[in-house]
Each structure stands twice: as C-alpha cells, then as structure tokens.
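Before anything else, here is the set of structures, which you'll find just below.
Two complexes are shown next, each including chain A; its partner changes from chain B in the first to chain C in the second.
And then the complex of A and B:
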C-alpha cells in the first residue's frame, strides 16, 4: 500500500515537472516554418521602413504614363527596354509610372482613367480589389533579390507591400473616386511578353491624390 | 623488294601517326576541364531533365561533365562535394537538397576555389554560391492560386501536399498559393501534409487523407510528381472526375494529363532553360567573368487546359 502511494506521488511529481519542463512539443508544421523564417526578418517593419524612407521619396523616378503608353503602342519592344525592366530570365516587363488622369469609369475591378483631355478612352486601370504578387515589390527597381539570403523573406515583403496598398490607398479610391474626378497617381505595372493590347494598363498605385470633379 | 620496303615505311609511318594522335588526344583529355552536376535526386523525371540538360550543355561547351546524385540526403551531398573537390573539377552546377543544410557544402567548394552555380533551388546565403538561378516559385503559385479560385470557386474544401520542409521552394510555393486562397474564407484547407516531392508518397498521403476527407474539391501539390501520385490516388478512389488537381513544375506527364483534361493546371518552371544557363555561366566564369548577379529569378508560367498547346518538353514549344 505504502509503495503504491509512493508510486502515485512520484508519478504526480513527474507529471508536474513535465508540465513545466516538457520533454518534447508538438508544433504544427506551418507554425515551425513560420518561426524559422521570422527569426531574423520582420517583413512588416521592413516594408513600413521601405515604404516611408525609400519608395515615397522616389516617386520622381517614375516614368510618365502617357509617354510610356504612346511608346508601347508605337514600338513595344523598344519601349519595354527604354522604360521598363525585366527580372532575371523572365519575359514580363515591369514599369514604374506616374501621371494624372480623369476618372472615366468606376467598377468592381477598379478606377479607369483617361490621360488625354477630351478623350474618354481608358488608358489606366487602378485596381481596387485584392492584390497579389510581386508587382509593387519589383516594379520600382528599388529592391534587389540578391540582397536577401532567404527568398521567403523577400516574398513575405511582397505580401506586406500589397497589404499597405490595400489598407492605405485603395479604400479612398473605392470611396471617393467618382467619374469626372482628377487623380494623380504613381504606381507599378507588369506587362506579359505576349500582351499586345495593354490598354487600360493595370497600375497598382503606391501614391494617389484625388481632386473633386 | 622495293615494294616491300615501301610497304614497311608506310606501316611505320601509319603506326607513328597513330601513336602521336593517341598521345595527343590523351593529352587533350587530361587537360579537358571538368564540370560536376550535383542534383538533389534522380528519382524524379524533372530533376533528371535538369541534370541531363546541364551535363549536355557543359559537354557542348567543351567540358567533361559528370552527374552526382545526392538522393535528397545532405550527407550524400556533402560526400559528393568532398569527392568533387578532391577529383580536380573546375566548377559545380548545383541543385541543392536543403536551403540551410547545403550552405556548408557550397562554402567548402568556394574555399577550394570552385565556383558553384545553384539551379532551381536556393541556399540561404548570398556569399557562398557564385550565382543562383531560381524559379520564381512564389509568383508562380500566386498565378496558380488565382486560377485555383477561378476553377474551384470561392467555396470548397481542399488538401495541400507540401514538398521537402527544408527546401525554400516548398514554402515559397505554399505561401504564394495561400497569399491568394486564404483571402477567400469559403475555401477550407482540410489537410496539409508533406509528401516530400515524391510521387509514391503523394499517392500514399492522399489515400490516407481521403479516408477522413472523402468530400474534398481540390488538391494543391507543391510539385508535379506529387500531383501525379495524388491523381493516381483519386483514380483509385473513383474521385478523379470530382476533385481538381493542381501541380507545379511543368513535368511532361502532367502537361499531357492537362491536355487530356485530367489535371487542372501546373506552373511551368523551364528546367532546361535554367540548366543551360547555369552551364553557360560556369563556362563564362572559367573564361574570366566574375560579375554575376547573386540571384537570378526565372519566371514561372501557368499551364492550363486553355493554353496547354503552347507547352511541352519541359518548356514552351517553339
């Protein structure tokens, strides 16, 4: 009887010890992967610093959207080389653009702008839905994959930059952009190799300024 | 008599010429530079194409080239590197096994004076390899994710089969896919499990998952080998018509099944393009070039039933 009590006490003690100092943990695969990737890099902080300290201070580097669109329709390969950039062994071209246009339509997809006075043809589409991919990260040419040892961090940055656009710029576009309003914008665009007709060119905005009609 | 002497002189001449030719070609062989192709596994046709293309291009460029199989094992990979360094190779075209675990091997080669060019898979270092040619898995899977939502809809249940958990490609693909699909709350992931980029494991893992989740709408696989295994499991369970399979790689067997309407989509990674470029970089390095970009992204293209005619033989048809 005494031995049984002692055994129960010993088991209780062991359970108490293992409660606070467990021999092993069960960790979900995704959580462990996330922990490792996040150990050295904080994409939220990096994206915020990049956005405020570099991107918003580089808007004057963006090419004039009207000039680029005219060049693309005249000689697409030449315009791509002159105004755009291609990453590594890729066939798509990225552009960093700015301009001012008049709102000609507002749909679920986004806000369409005409760049020329007296012409209602939509030249630019500022998307206002969910944003995916690397266009914002890669479009400006300010970030280089070679400086990121782990591409997971570089990709996490894309998601964060898209989140900044979605939360800081798109709500005001969705709410305030009305047909006839003037919008000044800067943003990033990507054109696939076989995109012949690029108008209206989707440009993910990184800066917008609205004026009432 | 005269003819006899003439014949003898001719024979001596021929023998001397043959000897000189043999010696010369041996000397050329001895001086021919050697390139090693180290591949994570040869147990997957996609990697066989990658390794064989790199080897063939190196040979075309005038090198002796040999393939070393790491069998998805960093210890075997380390032994391959030791062997290569000791055997007088001049450059390594390298498909790593593990983003972290392979860094030391590349560093060892660098210390021994051998340039290393990574193909398809990354190592988590920017100062060990001479250059890294990497499929843009993340944006490839963003495209797949968008197509997945188009095809499956905004509501449904799906399974994700992950690749090797130590490989960055596994997570870049998964994160690219989830960056899209997770924005649709009606799409529920009922299971996420590693099948290690392996066809047999893909089959086995999905069979087990189907026992608990017989009502899934789709399977997203981190590579085409697992997609083939998953498709086999669905055929065996009689669910291949109701469950959509998505792969990644652009392997020929999957591209063919997309054309037949049996698999929904994949991402074309262009292994031949990457492998040839890596061999050409090694050649340029051995001819004195040193300024290589550290990371060279290679775009991935979405292959669907609508555009499958444009693709085949591990790339775009010309």
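And then the complex of A and C:
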C-alpha cells in the first residue's frame, strides 16, 4: 500500500514536471514534411548557382600560374603563404590559378601546357580523367565549411562541383586539345607539404578557352 | 608497522600509487602534462569511460560481465539524436512526434535501460551466462543502431544539445560534472544502501546470498538495468560532444571499461572492489593515453602498453589478494 502511494506521488511529480518541460509535441506529418523538403539542402542546385553566380564571376581573383610556379621554385614556403591557403589541420596548400599556355602533349592523364613561349617543358597538367577530392571546392577560397549545416552537405557539394567539371569542361579538353593549341585556363591546384618538384602542376580547370593551333 | 601490514597497505593502495607514479613520471617527461588545460582534457576524456565503468563495476561486483555497453552506448546516442533531429513519424495518424531536448535525452536513457533490463532478463530468467547474453546484445544493439541510422551519422543536433558534451560550468566541462555526480551517487549506492550490501553479498557468494534469503535475480536484474542506463548516459555524452551519432560509436569501449574496473582493483569473480577504485582505474587509463600521446608514442605502441598495464593490474590484484 505504502509503495503504491509512493508510486502515485512519483508519477504525479513527473507529470507536473513534464507539464512545464514537455518531452515532445505533435505536428501534422505532411505539413512538416513539406517544410523540411523546402529547407533541405540540394547540392545540385547549390553547386549550379555557386558555379554560375560566384565562381565564374571570380576568375579574376585567381593568381597568375606562371608567377606562382616561379615563386614556388624560388622559395616554396613563402610562395605557399603568399599565393596559397591551407585548411584546418591539413598540411597541403591550395591554389586558385589562371594562365595561358601552349599544349605540349595530350595523354590519358591529361593535357600538358607550357606557359613560356619557345619552351616545351610542361608547366601545367590539366587532368582529363575522373575527379576525386575537394580541390575544386576548397581551392577557390569562396566557400566556408562553417556556413554549411553539416559536413555531409559540404561533401555532397564537392562531389557535385567535380561532376560539373567532369561533364562540362573535360569532354571538350579531351576532344579538342591538340599539341600546339593555345589554352587559357583557370583552375584549382593542391600541393602536398613534401612536394619538392611541382612541375607539371596538376590544375583542375574550372574554366578553359581553346584556340586552334 | 610490521612487514605484513605494510604490504597489506601497499596492496590496498596499489591503484593510487600507480596513478601517482605515472603523474610524477609524466610531469617530468613532458612539461605540457601537468597543466590546467591538459588536466581538464584528461578529465573530459575519461568522463565517458567513467560512466560506462560505473555500470560495469556494478555488473562485475555482482559476479557478471557486460560486453554490450559499447553497442548500447551507440544505440542510445543514435536514438536520442534521431528523435531530436527528425522526430518520430506516425504516418498512419498523419502525425510527427517532435522531441524536445529533454525528451530526446529521456528516450535515449530509456533505450539503455530497456537493453540493460533485457540483458538482466537473459541472465536471470533464462539462466544464460552473462558473457553469452551480453555478447548477443552487443550484436543486436549494433545491428539496431545500423538500422536506425541507415549506416550514416546523424549530425547537426543543435547548440543546446551540444552543450551537454562541450559546455562548461564553473570552468569545468559538463561531462566531468555529470560523471562526478554519478560517481558520488554510486559510491553512496554501493556503500550506504541495502542494495549495495546485497550486491557485494551476491558477488561474493551467490549461493550463500540465496540461502540467506536475498532476492538474487532481482538484484542482478537491477544491476544490468543500471549498467544499461549508465551506458546510455555515456552515449548521450559522446553524441553531444561530437554533435553526431555515428553508427560505429563505442566500438571497443567495453574493453576499456572492463580494463578500468580491473585496474581499479575490482575482482573479476565479483564481490570485491569499489567505485573509487574504478575512478582510479579510469584515471590511470586516461593519464596513460594522454601521457603516451604527449610523448609522441605511436598509437600502435600505445595499445601494446595498455595491454601490459591491464595484465600488470590483474597480476597485482592476484598478489594483493594473496597478501590480504
């Protein structure tokens, strides 16, 4: 009897507490699903909007590839600080570059460019295979991870940006780039901490303009 | 003090002496070790293992073992995170149950309690060996976690929930406060209550306890249920700290908690040990992990060293029991 009274008192106390600190509340499911769908992050739409409205309008922010390569071979740490950026704990340096070069070779790996006239040494490699990693997303410096609700969205965006490069830029490079052709490009590059010889520097293009030889 | 009583005292305080020796040695070896920041860091790191180990101490004191705590931790954290973030859809009624933060916390702890109770039922009602019963639960809870989360982390749980794992009160991290309160509660429970006395009696000699009229199955059921509840608290702390409930959270945590309990001097055969010893055991493991990290020892060697420390603790416990 005494135990039952105690149980009733405890239940009453709990009910009182939960009256003021509710544990849950009910909402109509369809209404909530509609609200969530509207608020849901869509990486395809976000990437397309970012690409057209921000990235392509910011190409003039990219550093000159020839200048950066010369600086890297003269004083790599200084060049990395001056032209590049690192993210979080990563020791790799990211660059946003642009330039114009002459195609010196076309291989399965990509299109190699020489930046200087009269020199056939490949300075830049524009890869034409499948893209992995976050170089495009992080290289431009236009996106801040902390403004995204979670890392999954940020990673989805990276995959979507890579997909844009793979589907819109790389096919024309593969088909139209011929030795001797002139290519103006802008793109992103990533150099590991221990990379001493960076040439040819792989630059994932975000914009290319081809001129026939 | 004669030789025998000195060795007895030595055996009694072996965990404390081991911790003191480690602190002195690491303070000399690394100037970063004995700082306020690092001490808080160690305390925050051990708080999760401490919650698990308090429950494990109860179970081991009763003469059992609980291998499922890591999986219970993961499922409790995942359920709380899932309910907080997505709620619970009831399509038949066209309703969504949206959980508040207290609601998600209560639900997470309830999951741990139910799983712990199921362990207890398996051990007491179906007479399964604790090792087998909790090994089964380890797999069941991990599978349920995968099903609940779909194999993906549940993230973005909000600042309020995150404060549970990353916040501070009076300069001390919240997980440390929570685990400290639990330590005090369970010291009182084991030392000052009838349940505590019965627990030692059951672990010391189950047959004698039964013959003395103690409700052994009920005590064991209670012990496993409390163990599940404490694993759930640890799950909530992990989830809040990482702002993410990952389906593989808590993998291998059961071994760390058993190690802490054993290093703290609790006998694996039950009936002997203390919550304070478990606190020391957690501190030893935490200080060891932290010290080896500060000394830049390879993580592979850290595992080897930890294994040797556990072996040494069990050996010292055996020698200590003989001396006493």
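Quick note on the criterion: the second predicted complex is superposed on the first by the 174 of 213 C-alpha atoms of A that agree within 3 Å, B and C clash if a C-alpha of one lies under 4 Å from a C-alpha of the other, contacts with A are read in each partner's own complex, and residues count from 1 in each chain.
Just so we're on the same page, a contact is a pair of C-beta atoms (placed from the backbone, for glycine too) under 8 Å apart; a residue touches a chain by one contact, two chains touch by 3 or more.
Keep in mind that this is a model prediction, so the values were computed, not measured.
Asks: If we overlay the two complexes on their shared chain A, which of chain B and chain C does A:196 touch? Say first, second, both or neither.
Replies: Neither partner.
Asks: Taking the superposition on A as described, I'd like to know which of chain B and chain C A:4 touches: first, second, both or neither.
Replies: A:4: touches no partner chain.
Asks: Output check: A:74 vs chain B and chain C. Expected answer is one of first, second, both, neither. What do you get?
Replies: neither
Asks: Between chain B and chain C, point out the one touching more chain A residues.
Replies: Counting contacted residues of chain A, the larger count belongs to B.
Asks: Based on the superposed arrangement, let me know which partner A:159 touches: chain B (first), chain C (second), both, or neither?
Replies: After superposing on A, A:159 lies in contact with chain B but is clear of chain C.
Asks: What is the contact status of A:146 with respect to chain B (first) and chain C (second): first, second, both, or neither?
Replies: It touches chain B, and chain C stays clear.
Asks: Just which bits of chain A does chain B share with chain C as contact spots?
Replies: The overlap between the chain B and chain C interfaces on chain A comprises residues 29-30, 33, 149-152.
Asks: Within their complex, state which residues of chain B touch chain A.
Replies: Contact set of chain B toward chain A: 99, 122, 124-126, 133-134, 136, 138-139, 142-143, 145-146, 162, 165, 168, 171-172, 174-176, 179-180, 183, 192, 194, 270, 273-274, 277, 293-299.
Asks: Spell out the residues on chain A that touch chain B in their complex, using ranges where they run on.
Replies: Touching chain B: residues 29-30, 33, 37, 87-92, 130, 132-134, 145-152, 155-156, 158-159 of chain A.
Asks: Mind listing the chain A positions that touch chain C in their complex?
Replies: So the residues of chain A in touch with chain C come to 21-30, 32-33, 149-152.
Asks: Under the touch definition given earlier, write down the residues of chain C that touch chain A in their complex.
Replies: These residues of chain C touch chain A: 87, 89-91, 93-100, 102-103, 106-107, 152-153, 155-156.
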